[in-house]
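Read through the structure below, which is laid out as structure tokens, and then see the notes.
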Amino acid sequence: MSAARPPSTLSAARAVLYKELTLERRAPQTLTAMALFCASAFVIFHFALGRDAIEGALASGVLWVTLTLAALLGIGRSFVADREEGGLDGFLLAPAPRSALLIAKATTLFIFLLIVGLLAALLFSVLLLGPTPSASQWASIALLIVLADLGIALVGTLIAGIAIQTRARDLITSILALPLLIPLLIAVTKASEPLLSVGAGTLTGRWLALLGLYDLIFGLLAYALFDYLVED
Amino acid sequence: MANTEPAVVCSGLVRRYGERRALDGIDLTLGEGQTLVVFGPNGAGKTTLLRVLATLLRPSDGSASLLGSDLRKEGWKVRSKIGFLGHQSLCYGDLTARENLSYHAKLHGVEAPAARIEALLDQTKLSDRGDERVFGYSRGMLQRLAICRAVLHEPEVLLLDEPRSNLDPAAIEQVEPLIGAAAGRTRVIASHDPAGGLAEADLVLGLRSGAAILLEQAAEVTTDQIGELYR
Amino acid sequence: MPTTKNLYGRRLTGYAIATAIVLTASIALAFFYAPIEVDQGFSQKIFYIHVPLAIVTLGGFIFGGIFGIQYLRSGDTRHDLRSYTAIHQGLIFCIGALITGSIWAKAAWGQWWVWDEPTLVSFLIVFLLYCTYQPLRFSIEDPERQARYAAVFAVVAGVFVPVNFIAVRLASPLIHPRVLGSSGGSLPNDMRIAFYSALLGITLLFITICKYEMASKHSRAQMAALRRSLSEESDEPAAIRTAAPRIAIK
Amino acid sequence: MSNTLPPNTGYVAAAYLVFLFILLIYIVIMAIRAARVERELAELLTKADQRNSGGTPAETSSQ
């Protein structure tokens, strides 16, 4: 009777991703807020630190603290549109695999974080960064942003899935996300430190390995546990 | 069509919210193609019953099955055969009606979605405004769109929570072929309208505080009996 | 019907007695049997309380995660109660480990907090994460959902613990001579005996307290059920917001 | 052991005191619980008595 066949994980995920990106294009709130937050944070750091130019560990810390806090904004918004008119129920009613939602949401967050991360890194190099990174250093920074944003997107989606059903959504998001992201931040700040210093600093393998390990472990965890968060 | 297998079976169905029992031991059997109308005051458990049948809530105790599949264990098997219409439209305000329907069509894997969507929008007189964002819609338009969404994938079972709320008489007529008895679908309808609800029912269920206090063939029930439920 | 077989306090007395004996003996061993350590002197005695507290804390968190998995697989609320109790008590032991660790840092290095002691720093991070367990539970009203989300948290956090240790260890310069190797493998024999008995004592204490907690929660729930059955009026208790698992009395 | 205390005794004592203190807090918690259990049981016993004696709440409720 019905001319319908349940969609594959990939096609369902693509449908959700397309919907997410359309929504953000129509009402670009999340990306704008994240980018503005980064810019304001850099200005605040300029005055709070009393420095015109920073480098090394300090620069790495300022950049990544800013990006992490901006990521919290994105994580907090992740499921908001789905709450408003029951969009989450709409997904759950469909015969689509639940993991499609995780994949689509994490990809959306990943894309947002990449855009904001690259914009913020450029802005940071103009506003605050003392030394000028070489082309290969820029490539390394971009690689770090990709690896770190992947981890933040996976953990962030898991946390957003937990927080959406709680009363104090914003509070839960922040207090859960920050400690969970500490290992990732240790790795990425240590790895970017030489890249933001004077001289030809390069990437260290062990930090990349740690970032990769973090992404892998929390990716698998999110995949294994996400069903329990959306099913009822 | 002489299929005698029941479409909906609940036995001892319980759904708890914490200690509170929103559904307290519901037993019922509904044959294929029949219509069950659920009456009861607000908070009696109508919406909870529909959400359990729609696989959105898991039964806490007892069992519920739809088209032969136990909802607790194999709810995923029947999802493509359920059309659910709740209080919310399940549509995104920043998408147009067409985009919303095409999103749900993709999630349901509907074949030839564009033609199906156009047909539904025509039927509900939404075609002209189908490219407008949904947040500008009136409640009635939103309800028509939600009905389109619910029947988009030609479900075999319809779960309708007050489907005609916010609709004017003309609109009720438009959606009749989609959610009315004529389509031949098994239906579970939550209603506040004793006369109208009774008219389309084969079976009547009366709920109060989660318990079934009335379960009869519609022919045996009078509107007064239903009015009694709300006292 | 509750049977004596399913009581949470089963063998509680035995554990309590064993804890009293072993813990007293181990503290006596630490002070009167184990020799004064050469490098650190008398302050090394803190080792016999700090390290077992730390190890038992981690054990509690990991068991919290394991019970979390079991809850997710079975939906049996007994596992939720176990997971909750293990994490809750683990958090209290964690506070003990942090404070004793801080005192030890002061005694050994003259500062209340040292950032280049990776184990201590890891503990602080783990502590911060597990501190969110209670607020998370509290912010979810439906008990079934609360249990499910708490179990997801328990599993994620349980996996987080080792990842975090690796990350912090990699980031530390490792300049301190580590007499305090947590394995105890490099210890002289007499110190090792004192250490292992202390570890056993603290483990027994942890189990005793967990069993006591569960028995106490269960008896409260039984009491509430009794009250309901005696006061015929309504069997519907008022909705209470709480972080603790609710125990159904059949 | 000699008559003079070894150095750092205070810190060792403090560490063990922290442990003792946490245990003592537990005793406080247990005390509160025991008191509550006793009170609730007394209340329930009164109720059970009322029931068994055919329900004369006015006489027994003041207990």
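Should a chain be cited, it is by its letter among A, B, C and D, assigned in written order, with residues numbered from 1 in that chain.
In this text, a contact is a pair of C-beta atoms (placed from the backbone, for glycine too) under 8 Å apart; a residue touches a chain by one contact, two chains touch by 3 or more.
Remember, it's a predicted structure, so these values are computed and weren't measured experimentally.
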In how few steps can one go from chain B to chain D if every step must land on a touching chain? 2
For the pairs B-C and C-D, output the one whose chains share more C-beta pairs in contact. C-D
Whole-angstrom distance, CA centroid of chain A to CA centroid of chain D, is 48
Whole-angstrom distance, CA centroid of chain C to CA centroid of chain D, is 21
Return the distance between the CA-based centres of chain A and chain C, expressed in whole Å. 32
Considering chain A alone, which of its residues make contact with at least two other chains? 232
Touching two or more other chains - residue numbers and ranges from chain C: 141
A full list of chain pairs that touch reads A-B, A-C, B-C, C-D
In the complex, chain A touches chain C at residues 158, 162, 165-168, 171-172, 175-176, 178-180, 182-184, 186-187, 190, 206-207, 210, 213-214, 217-218, 221, 225, 228-229, 232
Of all residues in chain B, which touch chain C in the complex? 16-21, 60
Under the definition above, what is the set of chain B residues touching chain A in their complex? 54-58, 76, 79-82, 84, 86, 88-95, 99, 103-104, 106-112, 133, 149, 153-156
Which bits of chain A are touching chain B when the two form their complex? 1-7, 11-12, 14-16, 18-19, 22-23, 26-27, 81, 84-87, 89-96, 231-232
Taking the touch rule as given, give the residues of chain C at its contact with chain D in the complex, in rising order. 27, 36, 41-43, 45-46, 49-50, 53, 92, 95-96, 99-100, 103-104, 106-107, 209, 212, 216, 219-220, 223, 226-227, 230-231
